[in-house]
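Notes follow once the structure below has been shown.
Letters A, B, C and D mark the chains as written, and numbering starts fresh at 1 in each.
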């Protein structure tokens, strides 16, 4: 195995870090805490992100994108995770773009992907349903009634909402939703609002289709991208914590000299390094060995869940009381950690899947 | 002898109390301070407050068992918590132990009747775990001290009449030896309070600022520069009282969890069932350990219970959150902004309806992250256990 | 609740501690590591224990015992656990005595209990079977063939081996075994050998009977007694560890000043205090509220399993390399911890039972 | 580029090796030292040892990838482990880094051929985690040192020809500055070795005693009093090599676990299945992290992997033991006494038949308790990670 970054990937990483450090500093991020100001802050960043071509990173060159691989995306996502950027990039450039690339018919690709890649169209996709949990096989065909999708990211702000609906057996369709009814579900992570969307089937348009397996591929890749963001965010929490405990003095010494603090910081690092590896591996699998994608994605998400939740909770503990305040930034990472943990499957769900793949069911 | 059942006298007490609460327990919104004060006064007049306090100061002169029964029964009746909890659980008991006769006569009874609400001013921005680093100064000026400085994490500071304060009276002495305990009128000129918003959205704590506040020396508790030991006694009392009340709180949280898992559509798998069973084992062991160690809880053993409780409550909240599945991160009622208003007590069960953020698992999860920090970080308390209970050497 | 010890119980505890300190010091205990010498060492202690009346502690006064309660036994067992005494007291004075008291007919009580109480008869009982796990309901009636019992303590040295056999439905019989075939199962804990015993049904004699529920009562009380021994042993490991880390110097200071060491020791104490409470509670329940016995016994065993295994493993870690040697005594505690963990139900088994009682099944 | 597959050159190497091992790999009992030496020599002559060592000292001059492939393939072929592991994994690589040209020429090749077996003498009874407290003295006497003292936890000491030794040459200097590294002939007069029995019953380690042992100064590695830094380099190499070989060991243990749970009569419940899945997640992440961090493993990052590996292996062994249910504490084959004789390598799977203690989960469980102590306690290594990798301040 070779997980070293290519020169291009290192450039992508460094330029992303530089860009976000300048264009999305903490005061900008904190605007996301104010429901009135959040959409403006997110939009302002989005314009600049679009200029960099990130929304089209996974979109094929023929469709106006950069045509890069998931491994490249993972490198970028570590950086966007560090800075807790809003959800449009993942919703539009990852989830919706993958849905169209994987399930869309040629017309849909031509119609949507260039605008998605350019960032002029913000898309999102609704997949899960009330009662489906995180299991695509639990989606239910809805022959007559209105389809309701839960956990749809960034729906209020999207120019295109796609639904993946089960039609019958193992078949799914991709539908472009018209006239949606959008309800804010009030995620704990206010930087990434999620919604329930109900669509009147009469105003939806079928723009593609495929199998449940194709849908699972989309979900797995989206989960890997999210896992990489989680690793990046966890690494940032560790940095913030190291910085804080170095400088915070109690009992006449730096708090960072206490073994209890040191050892927790070490455990944060161990979890992060393992999860980072898992993300790189999963991305490489997606690019090279698609038959192992499910297992690799589940390993990555399970590892990222543990690493990020542990880092956020522990980082908060090591900050003491100040970490618990609204003024400090850590709570945004904790809320992102919990919101991410329960997106695309919690650890139990992924472990059950791995157990199934290991024939332990 | 029966080890498990009330004695006949205890049983009489319990039944009388249960009946009284059934007749009197009110429904009060969380921030209706005046109603809460009235309710506390009613409780006091019913003879149910200051159960273990000496009768000469307005207490009931009863034992620890009666306090436990009171806690159990008031939880069962879902009465609102005390508006003057810092007074009743921390300042009052410490004052009984170390205050002058005059101070006890003056302050204890209005604490019980909620005529005077108390808060506690120990932590400072640069003196958290390391309390001895506190810098709030008190300079002698005739019969008064002039107090200047800042306290933080002060519960109830916005509604308090008095603050139980530690200040530095000698800046030359070794840091543990220049500290003095004072009772300060929160209405004195120069005292100001700023709410401190937490990550839950609530402002449960405040920052208290002292700008040349004049405090009569008669409000000093104990001798000048003798405050460190009083602070330590306050801490053990704080932890002991957290311990005593936690039995009830843990059991309430466990009951919520049970209701939450039973109320789901999906049956529990064996792991989830075992996790709940393990939580039951731990919460039963812990609450009974409080009773078993009751007499030692005013010593360092209180740390044993505090550490275990904090981590147990965090686990219960995480489990509760997990029962919600993909809905786990979604804030009922919209979350942070209206947390303050619609909330009642966070002890409601599902059957009360999950209407608001403040009674939700989401709020419980976020709030519980502070459990291992407030009242002594788990790191500090584990060292206290090691050094003070087990006798390991200090640095 | 009132878990305070009576004066008699304090005397029992203090005298047991004094007696075992004198009569069963570490050099005697270490004789149990030598397969040739172990039976002699155990026998020598047994004679003295019999003189103290411990084997008859639970036996009714009418049958020659002390007629005490389980709470008294638990107080004693904490002390015998501290000193890792051999298994005869638990096998004969607890398990077998309870089996006869609970299931024996009058003749059996009169025939066996006085000698068991006096210590002149060492009894034991075989209950579990290959394939039964720890679940009494999994015992299978064996109408014709020879009955085989697994995990029979101290069988090689017993003057009386009792079997509890399921006969039909919920009925069990108590049988005195003649001509047993005894095979050493080589327990990791060499201070407490356990055996497989096969009995030719023709040479067995029925000496009592009852229900599976009665049998479960015997098992629950035996588990509570064992849990108390585990708590005592764990407390002893903590003492040994505190003593060691106080004196061991590294980096110019006592190892006991390091936070990592202190915090682990604190966690050992927390586990022990919780498990001790659980044992006292379970004993009080056995004496006063038998309808809650199952739940209380499972709480006690689950808590004791966690506390003792954690204490033994952590104590060993805090001793560093020396704890890993045969010469040091800690490994005997670790082996006792693991052997005890898997006697009368591991934690999963007990948690499943509690979940069932909480109607979570 | 492919990130997951061998390059064409690597593939050739792997296939050639696999074929060679299929033809040559022997079955050897654990304590047949002579047969093990012969096997190592054969391996060397096949061109499979010293893969990353410079060719001028008898190595193959290849890269890290080839070493990984060698580890994977020899695990797959279940070859016996190296009889000279301390030489190949610790003493040799350190000597390459810090030894003199003459020393490298003299010692490296016989290490590879197993003509000379090595052990490592660092730990002492009062210098475990705190290596700088070592007291074994080396007094200058003309062209020699006279060495007196005791080492402990010395693997392979009973069969070794040389020991890689740290001694104190200056008792006046600050403790890190008076230490020197020596190569000592184990057959020198005054060297004696006593086996050290562990709780598994085995005597895997020894105590080595030095009673006025004469050591030529030409056997000194580096400058006098310069041994501390050499010791540190040895440690990172030790941990790096543990890390490199652990991938294979973890995967073998995980495979044993899989076979063990699949071989039971009772189906797994979801919790047990999830525990196995979690172990799979952790072991996959860890072994791949070794490869990802390969270049940094000769620095302090090796501690990351060592800590995680030790706790992972302990967990695997506990899980394996638990799969046995009520039989968990029962020693196959009778246990401690015959552990030494019937044992082979502890890597066998159930299909080889669990005949003896040393290949059992019971042995694995007991042995694994030392994993968090040997090669640096997890406590020390977490501090190393915090201070050296994360940059937290030292005391």
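Throughout what follows, a contact is a pair of C-beta atoms (placed from the backbone, for glycine too) under 8 Å apart; a residue touches a chain by one contact, two chains touch by 3 or more.
This structure is a prediction, so every number in the text was calculated from the model and none was measured.
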In terms of CA centroid distance, which chain is the most far removed from chain C?
A
Higher number of C-beta pairs in contact (C-D or B-C) found for B-C
Between chain B and chain C, what is the gap in Å from one C-alpha centre to the other?
41
Please report how many Å separate the Cα centroid of chain B from that of chain D, as a whole number.
53
For chain A, residue numbers touching 2 or more other chains are 258-261, 263, 348
For chain B, give me the residues that contact two or more of the other chains.
270-271, 274, 379, 382
Hey, which residues of chain C end up touching chain D in the complex?
35, 128, 131, 133-134, 150-151, 184-190, 194, 249-252, 258, 260-261, 313, 316-317, 320-321, 323-327, 330-331, 334-335, 338-339, 341-343, 346, 348
Hey, which residues of chain D end up touching chain C in the complex?
123, 126, 128-130, 133, 152-153, 196-199, 201, 265, 271, 321-322, 325-337, 362, 365-366, 369-370, 372-374, 377-379, 382
Touch list for chain D against partner chain A, complex:
1-5, 258, 261-262, 268, 270, 273-274, 276-278, 280-282, 284-286, 288-289, 291-293, 304, 307-308, 379, 381-383, 385-387, 389-395
For a test of understanding, state which residues of chain D touch chain B in their complex under the given definition.
269-271, 274
Of chain A, residues touching chain D in the complex
1-3, 6, 71, 238, 242, 245-246, 253-254, 256-257, 259, 261-263, 265-267, 269-270, 273-278, 280-281, 284-285, 287-289, 299, 302-303, 348, 351-352, 354-355, 358-361
